[in-house]
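Which chain is which? They are A, B, C and D, in the order written, and residues in each are numbered from 1.
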Amino acid sequence: MYYAVSFALIVTMALALVRAVLGPSVYDRVLAVNMLGTKTVLLLSVITFLFGRPDFLDLALAYSLINFIGVLAVLEFFRSRAQHAGPGDDGKR
Amino acid sequence: MLETLLDILSWLLLSAGGLFVFVGGVGALRMPDLYTRMHAASVTDSIAPILIIAGIMLQAGLSLASIKLAAILLFLLLTGPTASNALASAALLAGHFPEHAKPLDGESKQ
Amino acid sequence: MELLGLYYYWVFAILLMTGFYAVIAKLNLIKKLLGLSLFQAAVFLLYITMGKVEGGTAPILARGSAEQLFSNPLPQVLILTAIVVGISTTALGLGIVVRIKEEYGSIEEHEILEIDRQ
Amino acid sequence: MIVVFDVFLLTLLLITAFAIVQTPNLFVAVMLTGIFSLLLASNFFLLDAADVALTEAAVGAGISTVLFLGALALTAEREAAPSSNRAIALLAVSVTVVAIIYATFDKPRFADPGAPVHQHVAPWYLEKTREAVDIPNVVTAVLGSFRGYDTLGEVFVVYTAGIGVLFLLGKNTSRRQDDLDDAPLGLRHYLIPRMVGRMLIPFILLFGLYVQFHGEYGPGGGFQAGALVAAAIILYALLEGENRALRVLPRGLLKGLIAGGALLYGAVGVVGMLLGGKFLDYSLLSSNPVQGQQIGILLIEAGVGITVTGVLLSIFHAFATRGKF
């Protein structure tokens, strides 16, 4: 059963990766990174039990703690850019 | 008897979680614009960890692993929606409005 | 099964050369650095792949069970430190790129060479 | 079955790598690097390298995205047209790929216990760790004790890289200090990220300390802990603005940390010499050699953690205070 869940997670990672590669906007990529982060945490937690060594949950814990620093950095990136470029520059690409 | 019951329950939780994960992935791929995709991804990203980690916790029983799993779940539930919020803020800030919705008056002219 | 095992090495080869391609063919300096980190990641992957032992587990001795098969700890030690060294040196490279941008106003190789020629 | 997962993840890894090289938008490339790091860490974990995966997690998720974004904010987000010698490069690369793939047929079978790599020092390490160091995590034992010189060298490479970045970007920042004070920096106006982020910082720090001191029993150690602690402070800087973060850990203190950690490592080695042993011989640190090894590993891991924290934070500040990011 762990295998089934892992499989679902990996397939979803692939779907998220497709979204990240296709885009179209940069925010879609960030969304995909975020999704993949959550899926990775879940995958790692499932796999620790698949391996039968639950003491390796530290890895999933690390990811669950620091994954969103990247998203916050993106927000800060756009915020500071909007602040410096001034209004009107709408960053559409 | 109790063990079988727990097993069945945890398998149910795990498969439901896997299903939600998959649905979220499909949603993120198929939805028409950024905000709907974000919706699909972030909602399932909240329910799927609850189900999957609850399923694993039933298997782990009362142990250090369960406490760690609870911590992982807590942090995922805290950070996931926050990250979605931050991402939506970033997108709005850069002038990326929902395609099928009119921007609110007053906020449209920044 | 045999081919599946070789797949790891093939991924290493392709990944390595993808990074190398970015380094030699792309003119943007940040892209070159990204290529270098891909190159680095490929090497990491090769080492870790070679450290794996069939039926082994991570080299952390569990209490009690003495007779257990463990994967090779040595490549892991080398790569563990290399990852942190890698990010530091990448940051150094990024620092140089930022300084180049400030001096030349560009991070494209051909434009920088052009300015140098003048 | 695990192998199938692995093959799947490796394929995803390749796709991501192609996308990184192919996309002209550097911001997208950096985001894809984040994905690449996640997939790489999962792969490491599947290949039994829990310590390495933890390092990749701490560095890839917490640090590298932030650093690349900081550099992008100071340079440009798009690359210009690719070069003209693409065909030649592609040809050279393809030939090399074919050559390497041809060479792989001579390699030992994947995960073969009889492969030459596993014959020489590795069994000795696995065997000796129990009696000489007596800590469960063999990786930490090899890192700290058996190959202590190596690690010392790596720490000094990290140290040198940090000094290099400080030399390159530390001086004449484009914005003055009072200018920084006025600007409403950071994400102070974003209530939700700020509140949640503030809630998480103590947990990240706590987890960092756990990883630091639990490194002898589970995956972890100085390198991972240093990256995690640095990530926590970077999170604080993102949320509250550069200035407040610098008030908590001023530049002078960071420089002290960079040098202090490396010095602590070296000092442990010198103490071993003074006690009549060899450089980095921890056995003499206590009357019981095994206990001495454990004390030595604890100390040098602390040194590693301190240096890595200092270097990564200094690099972050160097990028962040320089420009608009």
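A few comments on the model shown:
Here is the rule we go by: a residue touches a chain if its C-beta (ideal position, glycine included) is under 8 Å from a C-beta of that chain, and two chains touch if they have at least 3 such contacts.
Just so it is clear, the model here is predicted, and its values are computed rather than measured.
The interface with the largest number of contacting C-beta pairs joins chains C-D. The distance from the centre of chain B to the centre of chain D, each centre being the mean of the chain's C-alpha atoms, comes to 28 Å.
Inter-chain spacing, taken between the CA centroids of chain A and chain C, is 20 Å. Distance between chain centres (mean CA atoms), chain B to chain C: 31 Å. Among the residues of chain A, those touching two or more other chains are numbered 7, 13, 30, 32, 55-56, 58, 61, 65, 67-68, 72, 74-75, 77, 79, 81. Counting partner chains per residue, chain C shows two or more touched chains at residues 57-58, 60, 62.
Of all residues in chain B, those touching 2 or more other chains are 75, 79, 82, 86, 89, listed in ascending order.
Of all possible chain pairs, those that touch are A-B, A-C, A-D, B-D, C-D.
Considering their complex, residues 3, 6-7, 10, 13-14, 17, 20-21, 23, 26, 29-30, 32-33, 36-37, 40, 43-44, 47, 50, 55-56, 58-59, 61-63, 65-70, 72-77, 79-81, 83-84, 93 of chain A touch chain D. Interface of chain D with chain C (complex): residues 3-4, 6-7, 10-11, 13-14, 17-18, 20-21, 26, 29-30, 33, 36, 40, 43-44, 47-52, 55-56, 59, 63-64, 67-68, 70-72, 74-76, 79-80, 82-83, 85-86, 89-90, 92-94, 96-97, 100-101, 104-105, 107, 109-113, 115, 117-118, 121-122, 125-126, 129-130, 136-139, 142-143, 147, 150-151, 154, 157-158, 161-162, 164-165, 168-169, 217-219, 221, 223, 226-227, 308, 311-312, 315, 318-319, 322. Note for the complex: chain C touches chain A at residues 57-58, 60, 62. Listing the residues of chain D that touch chain A in their complex gives 1-2, 5, 8-9, 12, 15-16, 19, 25, 27-28, 31-32, 34-35, 38-39, 41-42, 45-46, 50, 53-54, 57-58, 61-62, 65-66, 69, 72-73, 185-187, 190, 193, 197, 200, 203-204, 207, 210-211, 214, 218-220, 224, 228, 231, 234-235, 238-239, 324-325.
Chain contact summary for the complex, chain B toward chain D: residues 75, 78-79, 82, 85-86, 89.
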